Structure formats: structure tokens, C-alpha cells
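In the two complexes below, subunit A is the common chain; its partner is subunit B in one and subunit C in the other.
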Partner chain A sequence: MNNLILLPVFIPFVAAIIGLIFRTLPVQRTLGLIGMAAATISAILLLNVVMEQDYLVLSLGAWQAPFGIVLVADLLSAIMVLISCIMGILVMLFSVQSVDNARQKTFYYPLYSMLIMGVNGAFLTGDIFNLYVWFEVMLIASFVLISLGADRAQLEGAFKYMVLNLVSSLLFLAGAGLLYAKVGTLNMADIALKLAIQPDSFLINSTAILFLISFGVKAAIFPFFFWLPASYHTPPTAISAIFAGLLTKVGVYTLMRSFTLFFNQSFEFLQDILLILAALTMLTGVLGAAAQYNIRRILSFHIISQIGYMIMGLALLTPLALAGTVFYLVHHIIVKTNLFLVGGVIEKVKGTGELSKIGGLYRALPFLALLFFIPAFSLGGIPPLSGFWAKFALVKASIDAEVFWITAVSLIVGVMTLFSMTKIWAEAFWKDAPEETENKVEPKTLKLMYAPIAIMVLMTLYLGLFGQGMFEVAERAADQLLNPEGYIQAVIPQSTEAISKL
Partner chain B sequence: MSTLIAIIIGALVAAGVYCLLRRSLMKLVIGIALLGQAVNLLVFSANGLKSANPPLIEASAKTLAEGTADPLPQALVLTAIVIGFGLISFSLALMGVTYQKTGHDDIDALTNTDT
Partner chain C sequence: MKSTILDVTARLLLPWLFFTSLFILYRGHNLPGGGFIGGLVGASGFILLVMGPGLEAAKRALRVDPFSLIGVGLLLAVLSGIGGVFMGNAFMAGLWLPTFSLPLLGTVHLGTPLIFDIGVYLVVMGFTLAMIFSLSEADS
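So, the complex of A and B:
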């Protein structure tokens, strides 16, 4: 039963390894899709179990925590694993038609499975060094994917992406080493327990800052965001889309995990810093987007501004704010991946994503216009779409916490997000095409590209119209994050006595 | 001994950051390698450097006796070295391809994808 937690990591791994042995594309493709589908099913089962019993813990090799490595699924992890698997299979389906054959043949599907494995591993691990290893698994797969095909632009972007992420990993490793030197354990629950019993703010704050910078680079928060708009628009759209949806969110997830579980006592010192960073992240992202005239570049900058909202929710650290953040994460992953994929269809049909060179798509591709309209205005926060409820929860939480300046910033950024989305809408869809150009591909043949987009749009609509169920789950996840005792006790059952003394 | 190691770590970090701030791609990779070594040393010396008995559990005992070394940082640093080796190999390969395709070893010439 507990082994269930291993499946979302293990299945993509098996699919990738077998795919590497059989080197033909059809085998790799089928294996990749079957693997992702199976992983999605296992993630659904995992979420079901976690909903019932709150926590699921697996001690690998039966070495008891805190000595062995544990995999822990609480609600937040289970939700994130499920959403990453769903996005994994949908974007993989999209790449069948959208990524060119030469790239697909160079181990695209095994690498992609490895990437999802790394992401899921990072969501599930309960060990700080193991988290570092999962980061590296994820990074090396993403390095190869982003440079796959070796276009000049891709290489330039990939190099910046690689250097910044390697430096951030090194900072994380240094932080983990210092933390081990201080508390003598690597198990996250045990770290939390030891720090709760014997606080030492001096060393912990220095480690917390190292972690903040390292995860901040991965999450692309201000001032560490510049690698993202320089690289995310260069690879094929399917790759940018899965990166945009998942990779920065791993950074946000680890920030949430570490700052609610074991850095919670130094939180007062960090709260103001996080709030200011959140505000600046929101503003730089949205202002950067305003200056862009390429669909994917605009969307890349919007990832940054949306990350700001999540950091704001984390910084407020109230039940409503955290629930809003969890809801925001899910909403954002779906919507952002969706928008990148729509951009991919436009680039496929028209051959470019430059807004000045395209137009008239509303008339030419009315169905695509609808598929763009819903996620774009969800991102802008128009009721009753999912983005509205996510923003509403965060804004209400900031008013409740009486941090009115961040409320103001988040509302202004919301309006400016809408401005950017209407810019794409007006330029690409409404204005007349600047010159009559032949479609590069007949849109009707792109069924495999349309299908994943349509499914994501339905998910966005569902989250918006029937979001209450999801929000209740998000509230439970937030409750778990705010009461780390449950997490500690689930991982180290013999710690009951120590916890009761706290 | 700890002081010496601390000074070495500091020197490696300084050299690494200096290389990272240069404009050449090759020096960038060297800088990452140096930083990686500094962090490995930091993790290795995390639990203090002292002469101690090898971490072997006596046949009659169940736990480590007093005065034995902590084996964990060494296990960690081995893993970190292996991962670091893989990443440095990849960055050298990427650097090679980037140099071939763009004809530049100068980072300032690689700003076409920036905004």
C-alpha cells in the first residue's frame, strides 16, 4: 500500500530506461505515452489515499526515519504530483505533432519521462539531500531538452539557463551542508523537530537565506528571474510549455515546504523580505511583458508575475493565503501550459509568434480563438474563471492580514495582466492580417495539438465554475502546512512525546 | 585544520565567482567547477574535521561507539562529486557546441535571446 507513493516516480523511470534500450521512435513514443498515462493513474490513486489518511510515508529500504531516506506524500505533494502527471501526458500528446521528427528521434520521449520523474521526486521526497538529487535529475533532463536540436537561439538560451540553475543548485547544496552541520540530520521532519526543540536563529537564518536564494532562482522570483525570459521562448513550444507549467513551480513548492516545515520559526525575520520580493516579482514580470511583442516572450514574463502572487500567499502565511496559493498553483500550471500550447499552434500554422506579423486569427481559426480566450482571461482574473477565485482568495487574505500595500500591488498587477492578454487578443486575433499569408500547415490536420488544449480549457472552466471542491482540498492542504506536527509525526512516529512538549 | 579548510573554501569561492564574472564561456564553466569543489569541501567538512576511529560497529554492539567519525558527509560528498562531474561534462559539451554554432567565446555576443 505504501509503495503506491513510489509509482509516480518509478513508472516514468521504467518507461525512459526501456525507451533508451529500444532506440526506435515509435517504441519510445508509445512507451512514453503509456508510462505517463500509468503515472497519472497512480497519481490519482495516491491523491485518493492521501485524502483519506492525510499522510503516506514510505521508508526506502525499510531504513527507519530519520536514518533512511523517506518519501512523504501530504496533500500538497499529492496535488502537485497529480497535476504534473496530467500536464505531462497532455503536453507529451501535443508534442507528437508539434515537435519535429529530428528532435523527437534524439531521445525526446525518454528525456521527457526523466524530467517528469525528477519533478515528481522533488515533490515527494522527505529528505533534504535527496531533494538535491531530484533537482539535479530534473535539471539535467531539462538542460538536454532545452538545447535539443541545437539551434543558435536555443544554445544561447540554454547556456544562461544552465549556468544560473547550476549556481542555484550549488547554493542549495551549501545550505544543506550547513544545515546538516547544525542539526546532524537530513530528514526534513527530523530537522523540523530538532529546530523546534533547540532553536538557533543565527545559523538557521543564514541557511534560510541560502535556501531562499537557491529556490528563488528556480522559481524565478525577483531579482533572480532573468534567465527565464532569456531562455523559455527558444525551444520548441511543447518543451517551453512543460517548463513553464512545472519547473518554476517546483521552486515555489520547495519554498513552501521549507518555510512552513522547518524555517517557520525564523519566519518573522523573512516575512517582510518575502513580501517585498513578491511585490517586485509581480511588478517586474508584468512590466517586462508590456514591452514584448512576441507571444511566447509575453507569456514568459507573465510566469514571473504570477510567481509573485504565489510568493505573496506564502509570505502572508494565513490559512486562507496558503489555500489560495495552493489553488493558484494548480490554476496557474493549467492555464500557463495551455496558453503556451495555443501559442505553439499559432506558430505552427503561421510560422511565427511575432504579433506584428500575424492577425485575423479570429476569423481564420475561431475555435482556437475560443481556446485562447478562456485561459487568457482566466489568467487576467475575470470571474467566473479559475484565476478570479485564486486572486480573490489571495487579495482577501492580504486585506485580512492588513497588509494593504501588497493588496494594491496585486490588484494593479492583475489589471496589467489583463492588458497584456488583451494585447495578444487584439493583435493576433482581432486586427486584420498584415498581409495575406498561406497557412504553413492545414489547421484541421492538427487534431493531436488541439485535443490537449481543449482538455486544459475544460479543466480551467471546471476549476472556475465548480471550484469549491478543489478549494476545500486546498484549504486542507494549507491546514497541513500550517500544522507541521502532523507531518513530523507521520514520518517519525516515535516523536509523539517530543512533539507534545513543544 | 578547520581554519585551513575554511580558508581554502573561501579562496575557491572567490576564484569561482571571479571566473563567473568573466566574459569567456570557458571561464564560466571553470568558475562553476571551482564553486562546485568549494561546496563539496564545505559539505565534507560540515561536521568538523577531527581524527577519529573508523565508523565501524563492533560485532557485539548495535550502535556506533563514541569517538568514531561521522560517515554521512563523506557519503554525501561522494554523491555530490559524481553529480558535479556529470554536470560539468554536460556544460563542457554544451559550451563546445555553442562555440561551434555561434563562433563566439564571448558572452556579450550571446545576447540575441535577451530582452
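So, the complex of A and C:
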């Protein structure tokens, strides 16, 4: 049996439970860290196995698909689980020093473990209702985390975040209900099979739009993005960093999964919508960022514009475009989390993230400047950093597909992203400090905050300089997405005959 | 307002509600009932105590912290799934004892799903009581 696939979900859960029973901070913290480390190791093993066997399927409770709930790991899932576990452990390390003790004591570590469990579950599940459950696990943990400590500003942000995400969950449930009423199954592979045998464009298109809106809210694409900049700058940095890195990407992942598996036959209709949304998402994100003067707000808007690139890759739906999207996802998760963490160090040392009130950090904290420089310019797409290769693949794919206007948009947005990053660089690091402010904490004591950032910078450098291996894996993942027969066959072995008739 | 009738009835009802909840929990595998409803009924006994004799009496009667109930319940539910793994089967695959007969209960068929249900029972009970306790703390 393939119980291995369960471990990235199971281990954080057990760590969270034991933390609930022994309610002291040292226990919760140690367990949380050990749990995340163990989950990361299991995710590495999982990726290794999936690289060899292509698909790994586990029928929970030994109830065979399509009746029971299955967990399925293909390459995309395995890559996403691994990256979420790595970010999980690094940001958790960061939060040991950065999150204040009062917040840490209110179940911070168990909640954090539950959040990672929900994210991993959403990546691995092969059942559409189960996906809804994982969304809820993730959301409930994130609702508590985002409002932990109950600042006034924080609660306002949390409220917007919560209402919009609940609406999106409802829309998703409506879409899943529509599908279930028509095809009578919740298993994702089985739905794909039934839709392939009996295409029903009316059902497919209406469900597709419901899913697009619902996952679009979670991924923060245009015009559903406004909850994100309203809430991501309010909680402690560690929390907004892990949200920024992972949560919107779950939305992107589910969009990729559902559009390649269910809706691939009526894709012409959806393609134009997706392309236009992608372009608008890129533009609004980057323009919104230009107007902001708070580090975390600027970075929040950039999440949106970067999501646009991933949607663009999905909309093009060529092997190169999808491979580019997978590579982009990995690159973006690392770089974005990294930038939020650097912003967190600045806020910790200077007490604020307002660009007008800080300056001279290049002289004061040269090492931090380096740690900011690399991910920031990777995000801007400067060769040879990872962002360049991700953007290069997508731009080339759009030229190959002869959709030149989106090429133009993506290039313009790339330049504007660079402008935003230079703005932070010039304001926070380069210009003279407005007044000589004392450091709130001695930067040398923040070793546990620097270490995760440095590791992420090394990962960015590695992806940039030796990205070939990662790109090959991304190409294989894209190949799997474009040929959903393999996925269906892995989940429902008896479907071979039905597939061959198609 | 203090009501002697409510005080006395609440104390009298507590054991009955508790045993009813256990019965509902047990019959839940194939018949209406189960851990969720059982947990609610079990919690209602303690809620009556909160409304009658007061929060302190309810806490004393429960003996343990409701949060621990949630933790232990979750742990039980998870552990019930591991049995299947050790038998070389999938996580959550059911394991069953051979059936036997008992007076009153009739044919008894015990297995890991019951352990899972006990976990659910404890989680629901713990969660409900944690909520009610902190609400009535805010009240007083």
C-alpha cells in the first residue's frame, strides 16, 4: 500500500494534536518543528517515489475508487507538497524569534501545523468534496492565525479575508454539487472520465465558470483580488509570509488541476477568458504596487501580478507554458516568502515598514541588503536568477502560441515589477535614513530570523544557476497534466477499456 | 436567579444523560446515532450543570479540561486509522474483532470504527464544553 502519500498530511496533524494535549509553549514549539521537519523528509521521499512511478494512489480505508476517497500524487502534487513543507519548516523557524510570545502561546504552533496539513491535503486529494474539506481545514486555521492577537487593524483585515473566502468556498460547493448531480461521482478521475465519455458543454462551462470564480478568489486573480492587499500586511510577518507563499498558490494549483482534468475539451471557450483575466491580473497587481509605500503592501500587490503570469501559462496550455507555470510556482513561492521575511526583519529592527520612515539599511545591515537584493531581482526577472527562466519560458510559450498581445503585457509588467523592487531598494536600503533612529533590537541577535532567509536565497540561486534539473521535472509534470488519461488510469485501473475507446 | 428545582434536576439528570450518550455512541455504527450526536447529548448534561448550580460545579463534575478532551479525541481518531497500516492495508481500513454475544447488548461487533467514533465523541463534547465554559466565564 502507498501509505507514504499520507505522511505529509498525517505528521503535522499528529504534531498539532499532541500540542493540544500538552499545552506548554516549549512542547508545542519543539513538536511543531520536529513535525514539520519529518513532514519535509516524507515529502522528499514522496517526490522520489513519484519520479519513479509517475503516479501514486492511496484509497483511504481500502474503499476502492470511485467509491472511497483517494489521495493521488502526480508530479505536480508531489512538487507542491515538497515546496510547501520546506516553506513550512523555514517560516516556522523564523517565527520562533519574530512572533511575540503572547501570540505564540495561543496555540500558534498547532494552528500552523494544521495550516500546512490543509495545504498538503488540498495538493494531494483526488476527490472533489474532499478538496472542499481541505480548503476548510486550511481556511479555519488561517482565520485563527490571521486574527491571533486581535489588533484592531488585524481584525479588519481578517474579516474581509474570511467573508470573501467563505463566499468562494460556497461557490466551489455549488460547482461541485452541479457536477455531482449530473455525473453522480465525486472522484476527480471518475468525473473526468464521465465528462470525456459524455461531453455536456452546458454543464462543463457553467461548472468551469463557478470553479474559475471560486478558485480565482483563493488565487487572488482579477477582479477577485481585493481581499489580499487588505489583509496581508496586518498579522505578524511570519504569518503573512506563509500565507503569501502558499495560500494563493493552492488556488492556482486547483485551477490547474481542474482545468486540465475536467475542462480540457471545451478549452477554447475558457482560454480567452483566462488570457484576459491573466493580463488584467498582472496589470492591476503591478499598478497597485506602484502606489504603495509600505514594504509589505507593495509585496502583497506583487503576489497578485505574479499570479497573473501563472494563469497566463495555464491559459496557453502548451507543454512549454505549463512547464513554465510549474517552474514559476516553485520560484514564486520561494522568492515571495523570502521577501516577506526580509520585510519582517526590517520591521523588527526599525519598528516600521513604511518606506518614508526608514533608510540607510544598506550601510546599517549590508548582509540583509544582499539577502533582499537576490530575491527582489529574481522577482523582477533579471538573468541568471530563477525569475528570469520562469518568465522566459512563459514569454517564449506565448510567442510560440502566437498570442503576441499577452507577450507584450507580460514584458511590460516585468519591467514595472523591477521598478517596484528598485523602489524598495532605493528607499529602504539606499537613501539616507530620514532621522537617526535607534535599532529596536540588535540585528546580531536575530540569527533564527536570518538563517531561513539565507536558506531561501540559496534555493533561489540554485534554481537560477542550476535550474535545468528542476525545469526537466516541471516539463514532466506538464506532460502529465496535458495527458490526463494517465491520471485517470492510475486512479481507476478498470477504466483502460473506456479510455481506449475515446 | 437561583432555581432550586433546576439545581436538583441538573444533578439528577447528569448521569442519565451521560449513559444515554454512551448508548447513542455505541449504536451509531449501523443505526442512527454515533459519536457526533452522542457527544452533544453527553455535553448537554454538563451544560445543564452550568445553567443550574453554576460553572464551577460543571467543571468539577467534568474533572478534565475540555481542551484535553479535544486533543485526546483527535488522537484516538487518528490512532484508529493506523491499525490498518500495520496490517499492511490502507490507512483507515477497518479492523474487526470476532463477533460475540452479551446480555442486554445482543451481538457485539467491535472494531476500529468504534474507536474513531469515540474520538469524535470526545472532540464534540470537548469542543461544545470549551465554548460553553468560556461563554459563561465571559458572562459572570
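We take it that the second predicted complex is superposed on the first by the 501 of 502 C-alpha atoms of A that agree within 3 Å, B and C clash if a C-alpha of one lies under 4 Å from a C-alpha of the other, contacts with A are read in each partner's own complex, and residues count from 1 in each chain.
Convention: a contact is a pair of C-beta atoms (placed from the backbone, for glycine too) under 8 Å apart; a residue touches a chain by one contact, two chains touch by 3 or more.
Being a predicted model, the structure only gives us computed values, none of them experimental.
Judged by the touch definition given at the top, the superposed model places A:R23 against subunit C, while subunit B stays out of reach.
Touched residues of subunit A were counted for both subunit B and subunit C, and B has more of them. Judged by the touch definition given at the top, the superposed model places A:A176 against subunit B, while subunit C stays out of reach. In the superposition on chain A, contact of A:V96 is made with neither subunit B nor subunit C.
With both structures placed on the common chain, the touch criterion links A:A62 to subunit C but leaves subunit B unconnected. After overlaying the two complexes on the shared chain, residue contacts for A:P229 are found with subunit B alone; subunit C is out of touch. Looking at the shared chain after the overlay, A:G288 reaches subunit B, while subunit C stays out of its contact range.
Of the two partner chains placed by the overlay, neither subunit B nor subunit C lies in contact with A:I455. Shared interface residues of subunit A (contacting subunit B in one complex, subunit C in the other): none. Contacts from subunit B toward subunit A in the complex involve residues 20, 25, 28, 32, 35-36, 39, 42-43, 46-48, 72-73, 76, 79-80, 83, 86-87, 90-91, 94-95, 97-98, 101-102, 110-115. Partner subunit B is touched in their complex by these residues of subunit A: 129, 132-133, 136, 139-140, 143-144, 147, 150, 152-153, 155-160, 162-163, 166-167, 170, 173-174, 176-178, 180-181, 184, 186, 226, 229-231, 233-234, 288, 291-292, 297, 301. The touching residues of subunit C, counted against subunit A in their complex, run 67-68, 70-72, 74-75, 78, 84-85, 88-94. Partner subunit C is touched in their complex by these residues of subunit A: 1, 3, 6, 10, 13-14, 17-18, 20-21, 23, 58-62.
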